[in-house]
Amino acid sequence: MNDTLVELDDLKVHFPIKSGLLFDRTIGWVYAVDGVSLTIRRGETYGLVGESGCGKSTLGRGLLRLVEPTSGRITFDGTDVRALEGEQMRRFRRRMQMVFQDPMSSLDPRQSVESLLVEGLKAHGLHKDKAAMRTRLRSTLDAVGLPASALNRYPHEFSGGQRQRIGIARALVLGPELIVADEPVSALDVSIQAQVVNLLGDLQDSLGLTYLVIAHDLAVVRHISDTIGVMYLGALVEEAQADQLYERPLHPYTRALLSAVPIPDPYVEDQRERILLAGDLPSPANPPTGCRFRTRCPWSQERCAEQRPELRVFDDSGQRVACHFAEEILRGELRPHEVRAEIVRPGSEAAPGVGAELIQTRTDVPAP
Amino acid sequence: MLRVVSRRLVQLAITLFALMTLVFFWLRSLPGGPVDALLGERATPQTRELLTKALGYDQPIWVQYGRFLKNVLTGNFGNSIRTGEPVIDVISRSFPATAELAIAAIILAVGLGVPLGYVAARHRGRVLDNATIIVTLIGISVPIFFLGYLLKGWLTQGVHLFPPSGRITTGLDNTEVTGFFVLDGLLTREFDASADALWHLVLPAVTLATIPLAIIIRITRASVLDVLDEDYIRTADAKGLRNPTVRRRHVLRNALLPVVTIIGLQTGALLAGAVLTEKVYNWGGLGTLITDSISGSRDYPVLQALILLAAVVFILVNLVVDLSYAVIDPRVRVR
Amino acid sequence: MPLLDVRDLSVVFQQGGKPFTAVDGVSFTVEPGQAVGLVGESGCGKSVTSLAIMGLLPRRGNKVTGEVLFDDTDLLRLRPQDLRDRRGRDIGMIFQDPLSSLNPVIPLGLQVAEVLERHQGKKRQEALREARKLLDAVGIPDPTRRLKEFPHQLSGGMRQRALIAIALACKPRLLIADEPTTALDVTIQAQILTLLKELVDESGTALIMITHDLGVVAGLCDTVNVLYAGKVVERAARHELFAAARHPYTHGLLQSVPRLDAGRGGRLHQIRGSVNDNIPWPDGCAFAPRCDRVIDACIGETVPLEPTFRGGALRCTNPVPQEVPA
Amino acid sequence: MTRPGGLSTLAEHKRRRIDELTARTAQAGGVSLIRDAGRRLLRNPTAIVGATIILLFLVIAIFAPLVAPHDPVQRFPELTQDLTVDHIPGPTAGHPLGSDPLGRDFASRMVYGARQTLFVGVLATMIGLLIGVLLGAIAGAVGGWVDVLIMRFTDVMLALPSLLLAITLVALARESTQWTVIMAVAIVNVPIFARLLRGSMLAQRESDHVLAARALGVKRRDVVTRHMLPNSLTAVIVQATLTFAVAILDAAALSFLGLGDPDINRAEWGLMLGVDGVRYFEVRPELAYFPALAIILVALGFTLLGESMREALDPKNRR
Amino acid sequence: MRASGMQAQRRRTAIAAGVVAALAIGVAGCAESDRDSGGDEDKAAAGGTFIFAGAGDPKNFDPIFNDDGESFRPIRQMYDTLVTHMPGTAELTGGLAESWSNDPTGKVWTFKLRQGVKFHDGSALDAAAVCANFDRWYTMKGEAAQSQMIYYADVFGGFAGSPDAVYDNCKAQDATTAVVTMKKYKGAFPGAFALTAFSIASPTAIKQYDGNKVTQNGDSFAYSAFATEHPTGTGAFTYGGWNKATGEITLNRNPDYWGEKAKVDKMIIKIIKDENTRKQELRAGAVHAIDFPAPADRKALAAEGYKVLDRPAFNILYLGINQKNPKLRDLRVRQAIAYALNRAQLVQTKGPGGSTVADQFMPNTVLGYAPDVQKYEYNVDKAKQLLADAGATGLTLNFYYPTEVSRPYMPNPQEIFTVLANDLQAAGIKINGVPRPWNGGFKDDVQQFGKQDLHILGWTGDYNDPGNFAGTFFGREKEEFGDGAMTDMFTAIGKADATVDQAAKKAAWEQVNRDLAAKWLPAVPIWHGPPALATAKNVEGLVPSPLTAEEFNTVSITK
């Protein structure tokens, strides 16, 4: 039996930048996800790390088709997900669920926990048998460590950790095979993070779930993942087994990332050597030519500007890397040089005023 | 910037065209109208027929529309039914009156509203603040025509503090240059005329300013409170800047951003308020023109042009607001 | 003599109905050139403490008691205008969100320059020249152009650098950094932390580092104060603290954070409940409802902060036993 | 003695107390956000004042026949006999506020005025709300060219200031009845409601909880009706409360301009103020003062309530 | 008191002037004043400026193209008619014609003109000029112009080429004798010669300023320079300009006027539409006289020392009954309606001051007024009885009334309607009130389409002739009354109107009035409500005219 659950092949998600005199025309694209291929095995946890704006969240949503991918192929348990249409897709969602970063905003404040959980069941016609539904709710709540009395309470009455449990319960109640967890702990207090991390682990053990965990915190990802993919500016730059990646990072970006994560141990900290990257992440609307990391890479060469490196299998360990000079760097043949920081303008998506239109309320308009 | 302007202008043109077409066909489908208005009570049926023909109402509607469109595109909005003058003349004569009134009102509203709002915010939760809130709420709730009547009744009758109506004392032979009487008096050195016009301006301007004033106070207050909560004010304080510097440089400038938007909206809305105020004070501006063109006479040519004008003013004012917003707020400039 | 001596600082918010004690008798000192960490989760009072030191808490609706001795002057008792003279000159501060902490409508140059104008009496042109140098010093490329630019035109890291330039413009003797890297990406965080470290080391400025991230403190601070529910629960030199945390909270916190250099898997240590779980009476240890080591004394009596023999302090009746060094 | 140190009975007791407290909050039952906001509202004196005013007038409106001394349209001989063009009888026995210009009992008209005024205000607001919400919901839910079309349409309407639009609408109406006024005032608010709802729905559409619902595989229709609409309606309801005050004032202004409800038999404050109040101001100022006061109070009531609702629902204030 | 008020204002103005002047230093000087340096105030001391507050804008100043009182007011000061009314009455007297006569057929009118009368442009008024006016009207070209000659179309039946045209020709027998020949007799003459619309204008000026040019533009008409800028007549005042921005029409004293020369140097007609504001301006001393003070203000103004001048009633307000409704064809139902109305109370509570209950469709000053018509005193029981007799109990009627309008005979239609409807309801007639804007449907629905069962409307007389009252309403079949079947009424009125002999005419009209009240009752007359004027105490010589046709040459302002 094939143990691959999810396979992405050259997935691209591009967002149009629109502007126009009267009707909006597309004047450019944000290359949020620009050609990612990866495989997630059944029952494993695939960790996706990268800094904000690297496209990791978009990848997760694209995978679930919550944003429509521009091109590429998504295969879930042998099914071509992108070929599913309307009702088919809707029904298929039962098998792949999502856990969000901010449990407050992802839970409809107007609905009680019960109706939040029942909603998914209803959508898939699982609410008909009342008794079975009850049992299901109970067991799900139990699984995430919430009392049954939580059912008739509302999200804002819970603490952050509990809310995230509700969010997980909502995903679990449908009995999915894959859960995409987008920054599941980053909004939580340090002392609560462990609870949720443990919960995710427990659930995987007991239910045989497959996770795609998206996070910026490399330590958390390392802790829970089997395989880790590192994203930079819309593309996967390196992928390896968790330990392998930590032991032997190949891509300069991975190296920098690893060296930047603070470790709560002064002895370690005092001895660490940091690879400090210069400057900021370039705008995904206007990515550099060739290797996207070259503008900040201390090992960059001329070739990096001309040719975009493929994600290639490095050696037998299955570690994959997208760097022309991974071998040279590993062997220490290439010396790092100094990089001048370039000024990077915040992308248009960060511009203020985007969002709900400003609506003038009528108190602001004179009455007679 | 240019993009915003051109986008708005295209929008304006389309809006105007839609409005124009809508209004034209709608008016043609209404009972009464020009024929009735031109005839008075004494017309014979023959005269009525004659008139219908003279106005071309016997022609198919699309012919009439084509003619109307052609006229409008050449800047000809026809003649007023009520006065027989070209509509353009009627409107361009009334415009300065309303503009003068509106500008005075805006100056009053902004000049008083911003400081009052600021003071209220600085005294948040205290008596002064609460009093301001209550007064402004009442200000918003008062029908302004009634307020106008009260002011007029109290200050022009018995005690003749102000003239009860009009823009200038009747018979005062002032020379018109721009149609802004106060300004004209200055330009022509007829200072008594200028003063007289100013004197006439006080009550109407106060009346018209009431609601914008109340709103500007409220917005300023809210906005200042918001800004005071901002992190950069904390930064400014952490720098040890002196209070006046913080207030001027950091608080006011940011607090004025929403106020500018409101001023823009209010300027457009003043036109509506002017209808009431001008009626109360017999102020011969656009407001009066609107009521005169509807009430009794149904002066549709004028009405048509006025609707278009109101739309133009409203949209242009908002464009100006957007532009000034861009001037004040660098964040908007990028787009 | 310590540069800053905070003694029994309390802040009580009185907005709405019940008064809420955000900071409850916090004491600590900062020696010149020393880096002191204030660590705790959200709501533990660490930011309020820093604002209270700076006198930046809103004047209405709260009560600040205790003493904040800076150079033997009690900052809490200074007249507002005198305090303003010190802020920005003697004490600089940087904040968590560099975007909202910079005024969006004022050019960067002026925002740096105005603090020089204020405290060093420089003229605008001179101050701008100085500002250019400062921006350069904090690693902002092409500083001449940046002077005329606005905060939204810079990336997050550059904004934080600008904020640091402002805070350090007058070469203060104390810098308070309130979660300066929380809003930033890891690689940028590393840049900023390195920068801070360099600047502090070079200038001999003392630093109060406020953060929830134990990792950040581990690399930066000499002494670490751990706060819980408005109280200092443990204080230690960083090597001691990370090696042998005595307070169950500190201990649990260290155990619960996954470490990059640790292997995969296994359950993390977890602390029960949430920060909001408070005991419904004034006495006792605030951590008691979540504590695994709770005993009678934790619940019934006020637990004092007692000095430890290694120069730190501990507020616990039943501390974690010291591990035998391996 | 499972834990180090262990627990004595005292500590056990206290520990139980903690657990009880936790349990009690758990059993407190669901408090929805709305109810929570409602609770906050009840603690806000501004809201209380506003609601009290509205409630008071509502009671008067509902029980007008019981409160009013007389029929509001009946002309009383004892009043008409003293009534001339330049004299309107003041209070007499049985007529506490005297006569109106047609010899009707002014007090009764004031009382029934509550009914008519609230009727006009509520109806104008509701109609505007209904059409606006419908348009906004369609625009927000369907998107695409339908959205563009509806938004351009509201643009055209918003190009005229509200009262001006109302005046124009009345002038352009085929008939002049009470309904002309109500509809004119209602339509003026349509674009505001439509845009408000649409904007809010667009924001909702991008929000995490809608995304979450979609991820669950909830049907598109249910996503709109269960998530996007209800959460967007809050803003609309607040706006409606505020609109109410404006509607009454607009109606009064139209009356003053001679474009209001033509049936002066109808006791509506705006009409009473705008027509009789102004015309007979010198003969009997009370004809203006009383309706004006009533209008100001009601408008104030709704503004107070609306503003405090907005405050209560503002996430910024939910600390 | 007045004076002090004005002085006070002047003083304040002076202070303000100082302030403004201070502000203006440096700004001024771009434009030069074109004001005459003489100083108006000194001049005012001599004859003064008389400021009259009128209620509406005039249209233009060519008499023939106007039909409303607001236009006629300034026109009347600048022009004269051949025949005019004695001040304060509707009696005819010589105008530009010292005397007039007509032949026994009633078709040929001979006018003896005054000598030495000159138009404002210096040209002489002679018979040729008079005939030029008559010919101008008759031969006016173009639908646009013709459609605006409302009075001409009404009185003279039509234009050259029209079979209904009344006018035939005009001959200048000699310089001072003009002979106008009609195609048929019309009872309207000679009264109609006094219509302001038929004022005699300078043919030279008309020619010079292209007076016949009326062009259609959009939904309305543009008039010539003659009509708008160079009105040239023989009147006591010459045209001084119309400042539309301030709504002021200035008229200057004509020092060469043939009649009583104006006592003031200048008069200004200030247009103030709101009655309340007119009153306040009068009180503030900014105007000397106002038109149409609100009925409600009469008492207060009089008490404060202002003169409230009632114009003798020359109008009629009636309740129209539309016989298209078969129920209303029954005379008993119409009488029931008449009995049901408490008109005395209506006059008391809502009538303009000095108004009287009308029992017929013309005031008692008009020839043919019959004192002995059936009166229909208020009697609800009788009304109910009549309705029962006619089998019309439970009758529901659509009652149309105008909004957005105020006429001299109908200051407040909504109130009048409400009271009348109330009365009718009391008699058991259900009333369905239908309000329509005056120009936005009322006139259309009522006069053109006759959609109503009942309506209120009225009329202000143009000249003293019964045909101008009852004849206008009931002389022919009208949609307004749906009275197509009442041929005997049309015949009787036609006959009375065609009677040349004055005594016979009087008798015929008296009978018409009696029959209108008792036999036909096509409408119920409500009241004659004279509109008033109010002046400041120091205004002398203003004689109110029943036709609202005051001439201001007699007005003076005392100190």
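Labels A, B, C, D and E are assigned to the chains in the order they are written; within every chain, residues are numbered from 1.
Just so we're on the same page, a residue touches a chain if its C-beta (ideal position, glycine included) is under 8 Å from a C-beta of that chain, and two chains touch if they have at least 3 such contacts.
Being a predicted model, the structure only gives us computed values, none of them experimental.
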item: Farthest chain relative to chain A (centres taken as mean CA coordinates); value: E
item: Dominant chain pairing [most C-beta pairs in contact]; value: B-E
item: Between chain E and chain A, distance of the C-alpha-averaged centres to the nearest whole Å; value: 85
item: CA centroid of chain B to CA centroid of chain C, Å; value: 53
item: Inter-centroid spacing, chain E versus chain B (mean Cα positions, whole Å); value: 36
item: Cα-centroid distance, chain A relative to chain D, in whole angstrom; value: 45
item: Contacts with 2+ other chains: residues of chain D; value: 161-163, 171, 174, 245, 249, 252-253, 256, 258-259, 278, 281, 299, 303, 307
item: In chain A, residues with contacts to at least two other chains; value: 351-352, 360, 363, 365-368
item: Sites on chain E at which at least two other chains make contact; value: 404, 437, 440-441
item: Of chain B, residues touching chain C in the complex; value: 124-125, 230-232, 234-243, 245, 249-250, 253-254, 257, 328-331, 334
item: List of chain E residues in touch with chain B within their complex; value: 5, 8-9, 12-21, 23-24, 27-36, 40, 49, 51, 57, 59-60, 67-68, 142-144, 146-148, 150-151, 153-154, 158, 164, 216-223, 228, 243-248, 266, 268, 270, 272-274, 277, 280-281, 283-287, 404-405, 437-445, 448, 457, 459, 472
item: Of all residues in chain D, those that touch chain E in their complex; value: 73, 75, 80, 83-87, 101-103, 171, 174-177, 258-259, 262-265, 275, 278-283
item: Chain B contact footprint on chain C (complex, rising order); value: 51, 54, 56, 60, 81, 83-89, 92-93, 95, 97, 100-107, 114-115, 118-119, 150, 152-153, 163, 166-167
item: Parts of chain B lying in touch with chain E, wherever the complex brings them together; value: 30-34, 36-44, 46-48, 50-51, 53-56, 68, 71, 76-87, 90, 93-94, 96-97, 152, 156-157, 160, 163-177, 179, 182, 184-192, 194-196, 198-199, 279-282, 284, 288, 292, 294-298, 300-301
